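In what comes next, chain A is part of two complexes: it sits with chain B in the first one and with chain C in the second one.
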Partner chain A sequence: MKAWSLLLVLLVALPLVVGVVNLPTHDAPDAPIHTGVGVRYLERGVEETGNKNLVTAVLLNYRGFDTFFEVIVIFTALAAVLALPRGSAARPGGFPEEAAHEADGAGGRPAEAAREANGAGVPVSPVVSYVVRLMAPFMAMFALAMLFRGHVTPGGGFQAAAVFAAIFIALGLVLGPARVAELVPDDWRPWLQGAAPLAFALIAAIGWRLTGAFLGFPTDDHTAQEAMGLFLEVGIALGGGVILARLFLEMET
Partner chain B sequence: MSDVFDAVMLTLLIATAVSVARARDLLAAVVIFSLYSLTMTLVWQHRGAPDVAMTEAAVGAGVTTVLFFITIARTTRREKR
Partner chain C sequence: MLLFGLDLDYVLVIVLFCVGLYMLVSKSNLLKKLLGLNVMETAVFAFIVTSGMIEGGDPPILVAGTAAPYASPIPQAMVLTGIVVAVSVTAVALALIVQIHAHFGTIEVDELKELP
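Coming up: the complex of A and B.
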């Protein structure tokens, strides 16, 4: 058994090592990354897409189609998790909606509500609770900054989504998942969960109307181009954040 | 200096990766794995990819770690031999 494992590891490792050894060095002028489409992105990316951050330019513009299906992948992941039947392993505490009502009935301080709601019966550490509640607004500011400055500085919709989700999760651990679930109104939930693919579909349709190409961006109208890019970023941030947070809530409750 | 940094980081990456695979306590494995992600964040940043570094820190070290924690809380902490 051990010998077979070793053989398997060698079979995987050998091609990897050979491949890495044969990679061109970073400064080789004839390396594929310096001769392919990358050159055009670097030379004309800012002018063609209006994004000073070329990562965003590639993600939303040149490779917009890839990103479209990436957000569909995240959406499908949540759909798959939501479709799973709740087994007998589920902890008492029920669905977030029910737990929310219990927490309301209990009233009192958040820590008490959390103990009721999270079902584990473990009191929340006051230090953790204080730090999370102190940091949450700053994290939100940081996420917003990444979202709205993502076309100029590092960051963008996906990163903002992850930080938004982190705020939800951290607050959920402290206040109990039920109170966090309340933050997203029930009527909005399906729309927010699908926000990223929906935003892409809408922008793709608008691009089609304006330029005749699916997901096309009008290169001559910088205002429209920037507005469309920003709309996509907001869609990705909201949709991605809500999906990640929902995955957490679904497992926690 | 840059090479020294790379060497230290890559050694740390290998060390954490091996520790994760060897750990029988899954809670410890998740904590070490989050350390792996943080090291990776520094490597990305050092390689001039701040966008990837941000994603690694938020998703790799943050969200995935929490999801793993919940999974352990709902299953078991010890790996069966």
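Coming up: the complex of A and C.
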């Protein structure tokens, strides 16, 4: 078994090595990646999108369709995970959303029990618990900075979403998932989970109205452009963060 | 940096990819297989994102204090998309593994094969 695996790996590695032999070396300024469409983005990206962070410009503007469907992909992943029946025997059947509501209320694991024996029955270390609770506000501040300064510094919606999710997950580990689920009100939850695709759909409609193109950005109005971009970023950060956190907490319970 | 006439970056990416592939095919534990898949994904992302780098380049954020040449923004944006897809795949796979464990009490492929 092991020998066959190694043979297969070698068989795959060989064409890969042959394939990269003729590629331009990394850092080479004359590589096709630096002479293709990227040149135009670097030259006119700021003027056309009003976004100094060109990664964000490519993500939201030039490749907006790509990102639209990308947020739908992660939303679909959450839907697929929620559609599976709960693994734990303690959970009755029913629709996942209802089961989740029960878990948040009386039917769920009490926060006290979660604090004593979390996950695999390992007690939560007081050091970990203290540090996580101490650092949570600063992590939130960092996420907000990445979100709202993302146009001039490294950062953006997805990065902020990952940090938001990390806060929820870290808190879920020390306080128990039920306590963390309370942080997101039940009425808002479906809207927050769908925030990213919904934001994209709304901006796409507005862009259609303003420019006549689906997901079009008005190139002559930088204020509108920036507002639309920021709206998308906030939608991605909120939606992505809630989805990532829910995915994790769903596995944990 | 060259190694036997090959760019060292490419060599390392291929090695990482092969480590992931080996985990994927040789391990019987589904979680380890999934980890292997993630290692392979990481190798692909490293390959794509480093392809946009340029000698002495700045990040593609055109603010005061930066100057040409800039790294290409396209691979970075594409890898961001790839990472989100990788997260989605991992999440669904993990959920399925949890289900498999709940139903059959094992996540070893060779044990699952012997189940009636």
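Methods note: the second predicted complex is superposed on the first by the 207 of 253 C-alpha atoms of A that agree within 3 Å, B and C clash if a C-alpha of one lies under 4 Å from a C-alpha of the other, contacts with A are read in each partner's own complex, and residues count from 1 in each chain.
Just so it is clear, contacts are C-beta pairs under 8 Å (C-beta built on N, C-alpha and C of every residue); 3 or more make two chains touch, one makes a residue touch a chain.
In this text, all values refer to a predicted model and were calculated from it rather than measured experimentally.
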Problem set entry | chain B versus chain C as contact partner of A:Ala166, first or second or both or neither | first
For this session: For A:Met146, decide between first (touching chain B), second (touching chain C), both and neither.
Result: first
Exercise. In the superposed arrangement, which partner chain does A:Val127 touch: chain B (first), chain C (second), both, or neither?
Worked result: neither
Exercise. A:Leu11 contacts which: chain B (first), chain C (second), both, neither?
Worked result: neither
Exercise. Taking the superposition as given, does A:Val46 touch the first partner, chain B, the second, chain C, both, or neither?
Worked result: second
For this session: Have a look and say if chain B or chain C is in touch with more residues of chain A.
Result: C
Exercise. Which partner does A:Leu23 contact after superposing on A: first (chain B), second (chain C), both, neither?
Worked result: second
Exercise. Just chain B (first), just chain C (second), both, or neither: which does A:Met1 touch?
Worked result: second
Exercise. Between chain B and chain C, which residues of chain A are contacted by each of them?
Worked result: 53, 55, 89, 154, 158, 244, 247, 251
Seminar exercise, completed: Residue set of chain C touching chain A in the complex reads 2, 5-7, 9-11, 14, 17-18, 21-22, 25-26, 50-55, 57, 59-63, 68-70, 72-78, 80-81, 83-85, 87-89, 91-92, 94-96, 98-99, 101-102
Exercise. Tell me, which parts of chain A touch chain B in their complex?
Worked result: 53, 55, 89, 91, 120, 146, 154-156, 158-159, 162-163, 165-166, 169, 173, 244, 247-248, 251-252
Exercise. Which of the residues in chain B end up touching chain A in this complex?
Worked result: 50-51, 53-55, 58-59, 62-63, 66-67, 70-71, 73-75
For this session: Please name which positions on chain A make contact with chain C in the complex.
Result: 1-2, 5-6, 8-9, 12-13, 16-17, 20-21, 23, 25-29, 31, 33-34, 37-38, 41-42, 45-46, 52-55, 57-59, 63, 66-67, 70-71, 73-74, 76-78, 80-81, 84-85, 87-89, 152-154, 158, 240, 244, 247, 250-251
